[in-house]
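Since the structure comes first, as structure tokens, the remarks are kept for the end.
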Amino acid sequence: MSIGILILFIALIPALWKRSDYFVILWILGSSFLAYEYMEVLYSRSVQDFILVMPPPVGSVSIALNKLSAFFGVIFALGLPVGMFYGHFYLKEHPIDALRSHLFWLGVMGLSMHCLLWIRHSLIFLMFWELMSLSSFFCVLFSKRSNREAGLNYLITMQVGAAFLIAGFAMAYNQSGTFDFSGFEKMNTLPMYLILIGFAFKAGIFPFASWLPQAHPVAPAHVSGIMSSMLVKTGFYGILLIISINPFSLLEIGFFCLVFSISAFWAVCHLLSERNLKRVLAYSTVENVGIAGLGVCAGLLGLQANLPNMAMLGFTGAFLHLFFHSIFKAQLFYSSGNILSATGTLDIDEMGALAKRMPYTAVMTLIGIMAISALPLTNGFISEFTIFKAMFEAPAAAHLSQLMPGLMILAVLAFIGALAIIAFIRIYAIVFLGSPRSAAAENACELRRGLRLPIAVLSLAILLPGILPNIALRFVKPLIRWFGLDMKHFAFLQFQALQISYVYLILLVLFAVFYIVRKLLVKEKRGATWACAYPRVTPRMQSSSITYIQPLAYFLKPFMYKKSRRVKEEEVFATKVEYDEQHLDAVWEIIVRPVSKAISRFLLLFSRIHNGKTNSYIAWGLAFLVILLVWVVGFR
Amino acid sequence: MINILSIIFFPLLFMGIIHRVKAIMVGRKGKSLWQNQRDFFKLLQKDEVLSQSATIISRMAPALSLAATITAALFVPFLSTKAVLSFRGDFILVMYLFTLSKGIMALAAMDSGSSFQGMGTSRELSFTAFLEPAFFLIIAALILSVGAGSLSAIFALQNVVSAGIWNVFASLFIAIALYIILLVESCRVPFDDPATHLELTMIHEVMVLDYSGFSLAVIHYTGALKIFIYASLISHLIIPPYSSAVWYLLVLAIVYIFTGVLESLMARFRMNRNLELVLVPLSIAMLTLTILLVLNTGVW
Amino acid sequence: MMNSDLLYSPTLESAQPQKLDSFLDRIGELINGGYQPLAFFGTDEKLIYALMGRPQELELICTAFPASSQYPSLTPEFPAFHIFERELYEEYEIVPLNHPWLKGLRHPSHGAVKFEDYPFFKSDSRLIHEVGVGPVHAGVIEPGHFRFLMQGEIVEHLEIQLGYQHRGLIGLLCDGPLISKMPLAETIAGDTVIGHGTAFCRLVESLAESSPEANDIRILLLEMERVAMHLSTLSALAGDVAYIMSQNLFAALRTTVINATLSICGSRFGKRALCVGGVNYPLNKTLIDTLKVKMQKCAVQIKYTSEAMFASNSLLSRFDDTGKVSHEDALRFGFTGISAKASGVAVDARADYPIWAYPGFEVQTVASGDVYARAYLRYKEIMQSLHIIQEVLEQIDPAAPIQAALKELVPGKIAISIVEGARGRIVHIAKSKDADKALWYRIIDPSLTNWQALAMAVAGEQVSDFPLCNKSFDLSYCGSDL
Amino acid sequence: MLNFFQARIRHGYQAIPDPLTVGIDSAFPGLPELAEDADLTLLNELCPTKAFEDDGLDLGRCIFCGLCSRKYPEMVTFTPNYKMAADSRQKLIMAPGQRTLPRMDFVLPRQFRYSFALRSVSAAGCNACEMELGASNNVNFDISRYGVDIVASPRHADALILTGPISHNMADALSETWHAIPEPKYLILCGTCAISGGLFAGSEAIDRAFLKHWQPCLYIPGCPAHPLSIISAIVSIMRGSK
């Protein structure tokens, strides 16, 4: 294993002494080592591995990297330290008593994420998987107050997911007789789907995604940033792992298309109506995972219909989107962290006019918003552009059966894309523009430099590949080759990326010209916003968050599960008018919550165990794994 | 080159046609054909009053939106069938450039924090949700039938008189769908009334309520250009491939005249019914697509 | 064709001040007896008057200002009083106790409540936002402020704040000889010149106990004004739904009608046509004939255009079920004119308090109470008026005298005149001070009571339908602000 | 649809060919003419707005009620000449024997020659002037043919056209609107009330301070001002009066 990992281990020591600064420094150091290593793997060496022989029943554990894991590795190695850095300052903003354990678990989480990529042995993989879930759970438990329930639900959901994985791995083991990942090739349908579902829990795909919007708002900004931009990717990594080494029938691909479409659509509907800033971002994670998934589907479809171009574009798009999402999503979460620190609330109806009070964050967030709604000049556009191109290759397919899914994805993608744009314009407008809707927003002010720097870095990372897509394309190129996709068309894509850059050049030049001309020509004067000459305008005279989506809500009603309360009392004249509505996640309300309640009630029987001492938690986690081990072996 | 010229000169001129037609229809003297240019140049020479709550966004929005629309226009065939720029799949970029220009204007509108503009924005944005898929499906359908890769090529090749009765239907349907998109995008009757004088019922107008002078001129021009783009696409869809510019101008004029006639004979819809109508192009596109699928992949 | 002084001197002994509570009881009795409050106001002689009326009957009662300058409000029981009590409160600071909506009305600079701190009705919930429209509206419209409480795009509640048009007209009417105030009376509402003008003339005439000449010409002008107003409203309605065809056709027709008015008196709105005692300009034979022809052509045109308009689906889909006012509300709040008739309430001064006999006149009504009803009713009334116009034109005698000699006012006399203007029932009531001045003068424009109808009509509607509803009522700002 | 065209065809072509030269019904009281020997004090007795000054009849105050011309036809006659407008208050005074109003010197800058946007503000007008202003853009008079547009937002406007005597309650809103108009901007007074307060000049509910601060560039007398007067006046400052 690499020196990078070692450094990260060492980083845990300052964590125990609450020295978050050293902790961060070590993280940056270690990550840079790791990043170098991953890059090396990605570009030069095919794989780098060594076998670690352990006592049975574990047997020989191969620790190796392949292009795929290296790809994700790079994402983590670049993303995590930024998150840690932001966290360092965020914790200064929001001091907590349990700093020690928080830092510790933060470190453990990052570590386990990295280790996952190296391990190619299902048992050990599971162990780290569990460790990751546990540690992230403790990271989510930030402030003692509100988030107990959400955190616990999160843990339980993760355990259920893990259960699927365990079952799947176990069956795979029975089938192939080895714990090594090589045993996953050409596996039976049942175990494969069990594993896929298991990963789907982490990846945040529709029926299993309800934990995301619940856990994120309560977690501190840096944790939710790391979780939804990177932790979630581990799930996707697992899925790709399976997909890359198993063939699929057209029917199955169609099914995947359906799942991802539904997942993204479900997310975007909530995205439109949600009023909690962080929850919005959480939903959009689900949506973006869905889009990436659709890219993968396109790729598979291309392979199916042997349209090499389509396959290449599909996978390229998917990888690009995963990569870019980890950038702009982190950026947005950190921005939301800043907004929370400045206003002390996450309800967008409490905000407004922040652009005047925190101009810096406003500009950064604008970039993030543009990226997440895939507008040109940002990286988000490049990935969606590629996926769209893949879809437009579909008409060349020989068979209706191969063509239909392609077109379906096309329509869905376009629809989702448009809705997302609307949703985020709405969010941005309400949060940053207009006039302040509450005293909190009135008194908001810009935050310390340390909280802005990471966002600036990420914004740069959004714009650079956005305007010069070739950078990003070079990054995924080896991966594409590794997947054995059509390099000829890839070269063409790179050429096109160049063209796009030129188009952008034209766009920017034109913009600059018009803007400057205006500057030179026009004499500006300031006046009150035109409100029909009514001199006493109040901030309440601007649309509330529901106004923006009402025309759409009229259409998406069936997909929006909301509780609304309308009061109108009048004698001769009105005496009271009130309205309030909440958009809820049906899955969460109807299934997850009751179930997890039941489980936690069951767990209360062991309340003695649940003594809040972290080490005992680990003990139980490990014990759980031992039992699992015994069970698996016994099975054999 | 000739296309760039038409981008510069035609949009406002053709808007004039609509005014003339409406005037003639209702029997009034009406505005001159050149009125739009006159207003444009007048506005260029005026100062601006910006809202106190306005941020940098309001300032840059018109310029950016115009830049984006012009860039998009470079991919579109106008007088000459050969677009200035074109590459395989450029229509995606074009569509997203439109979205960019609309998105930034939406932000700018809400920048002023007036409740009218909030309403207008939500109304206009909700249309896009259904227009984008429609547009993409239309393109997909066209690709199916002509197999070309870039916007200009597609619309140059596809046409009514090409072989096969189905193709005729297809391109007619698509023309209709595109025309509805035109009406929506340019916010004309029956979706919106550019002549209305009531903040509460405006859609596009109310978004620019706070703009003046130069910026306003730019916005007007951008709107005109957008209509012009769609109209040109329609006209290229109708006329035979690589036919003379005369044909193109003829059909183009017809499209505008028809708009004028329609506006004189139709009342606008109730606001919450607009969306239902925006679904029409989507469904038409799907219909056409199925027709072409049946046609090209020859199932049953 | 005039059966004149019917109804012009209500039993004056009943205008002797009564005890407050017997006054209130009496009002209760009258209302239960099917009376409507036509006017309710205080005067500088420290008296509160109430003019109650039901078809063919009027009763004027009054009481002294309550010593404690407060009294139990009538509004909770009889909503029709709400606006009058607000007026009373504003002008004399007499507080109607537990009045549910006690706010300023016209906000004169010396009024009880300041214009700036008008207490708008508010909602606490975040998701209800406010929209304020006016005073300077987008079109060429009079000023007024509309405050919506909105749930998204749906109007939860509308509050109308008037007073921008308040120009102290009453005060001006009362200083100086009443007879010289004709031009002022014409500007009470510049679009209802004849309506208010006639009311004024009739009032002064009955104060002077003289009977006027040339009533038929007055009728002619009055009905022509009605036609013109309804046409302009129809045109505007069509314009609001971007139906430019009918918009322009109706506009052109209106022009023809008001130009006809111009050819009579020189003003398109009939200003300078009336004078106390008769009219200023005679009608000669040729003019009468040309008018006949013009109006005939108009009638045909209007018929065609309206039928075309009311047959167009895209337009009907906008008019139907928009801005409903229920029959009950129309009765409870005592709306008049179009606002009431379109909800099936047959109130029309021409039938209830005729100043002239209209042979074979029956009140036009439509039941449904929505925008369509109001639009269609206007069409029906136009046709009716055009018919009346033709009849009148038949009867006018070019040779007849057009002005009666003026007598002096009878001091201390109270007179009432009621005219059905284009918007509804116009009530003028005044008391003469001496031979030429008025002690007090009261004008109740139909709009004053009908604004409430608009507020009720738009509740629960899409806000984008508000302008349509507003136009369909077409109420006067200056008429109620004075 | 068909019956529409039917209606439309019966309707015929309604627009006035040329509002600048068209004749008008002789009953219309346009530009008044005073006889050389007109006894102004006597007339002023009669006049409801006391529009007769020592040096003639002030059109800015005259409400064209015709009282004087009816009583003393030999002294005052109202000609059907609707071309009444002036670019300064003094020019509105018709001296005895004067036949026309003095020529207007004021002309708008070039860019407004064919495009001019108005924002109308009604400040306690009686709605007659407002309706006439609206009418001047209807199918018959159709001021839009000259490139004049009546716009919704003052931001889009070049001029503010004021009707009504400016009530106390409307004063703020008026100046709000005026300040919302981008430079270069112009102020037009339409109707007697706007110019002088007309019948309401004496009322305590009127607040005409606004006009102290801002200089109108055009006065259009009339009660109400006839659409033809409005059009000819506005066009003449756009293109210069011939």
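Lettered A, B, C and D in written order, each chain numbered from 1.
We adopt the following convention: contacts are C-beta pairs under 8 Å (C-beta built on N, C-alpha and C of every residue); 3 or more make two chains touch, one makes a residue touch a chain.
The shown structure was predicted, so the numbers you read here are calculated from the model rather than taken from an experiment.
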Chains touching both chain B and chain D, listed by label: A, C
Central chain (by mean CA position): B
B-C or A-B - the one linked by more C-beta pairs in contact: A-B
Chain of greatest Cα-centre distance to chain B: C
Chain A-chain B separation of Cα centroids, rounded to whole Å: 36
Centroid distance [mean C-alpha coordinates] between chain C and chain B, Å: 47
For chain A paired with chain C, centre-to-centre distance based on mean C-alpha positions, whole Å: 65
Chain C and chain D: spacing of chain centres that average the CA atoms, whole Å: 27
Shared interface positions of chain D, touching two or more other chains: 1, 4, 8, 11, 14, 121, 139-140, 150, 152-155, 173, 176-177, 179-180, 182-183
Sites on chain C at which at least two other chains make contact: 129-133, 135-139, 150, 153, 245, 248-249, 252, 312
Residue numbers of chain B (touch at least two other chains): 25-28, 47-49, 115, 119, 122, 196-199, 209-210, 213, 265, 271-272
Chain contact topology (line, ring, star, complete or other): complete
Touching residues (chain side chain C, partner chain D) in the complex: 107-110, 115, 135-136, 138-143, 163-169, 171-172, 180, 182-184, 187-191, 193, 232, 235, 245, 248-249, 251-252, 255, 259, 262-269, 271-272, 280-281, 300-301, 304-305, 307-308, 311-312, 476-478, 481
Contact set on chain D toward chain B in their complex: 1, 4, 8, 11-15, 111-112, 114-117, 139-140, 142, 144-145, 147, 149-153, 155-156, 158, 179-184
Chain D partner contacts - residues on chain A that touch it in the complex: 523, 525, 527-528, 530, 533-535
Contacting residues of chain C [partner chain A, same complex]: 75-76, 79, 82, 100-101, 116, 121-138, 145, 149-154, 156-157
Touch list for chain D against partner chain A, complex: 121, 153-155, 172-174, 176-177, 179-180, 182-183
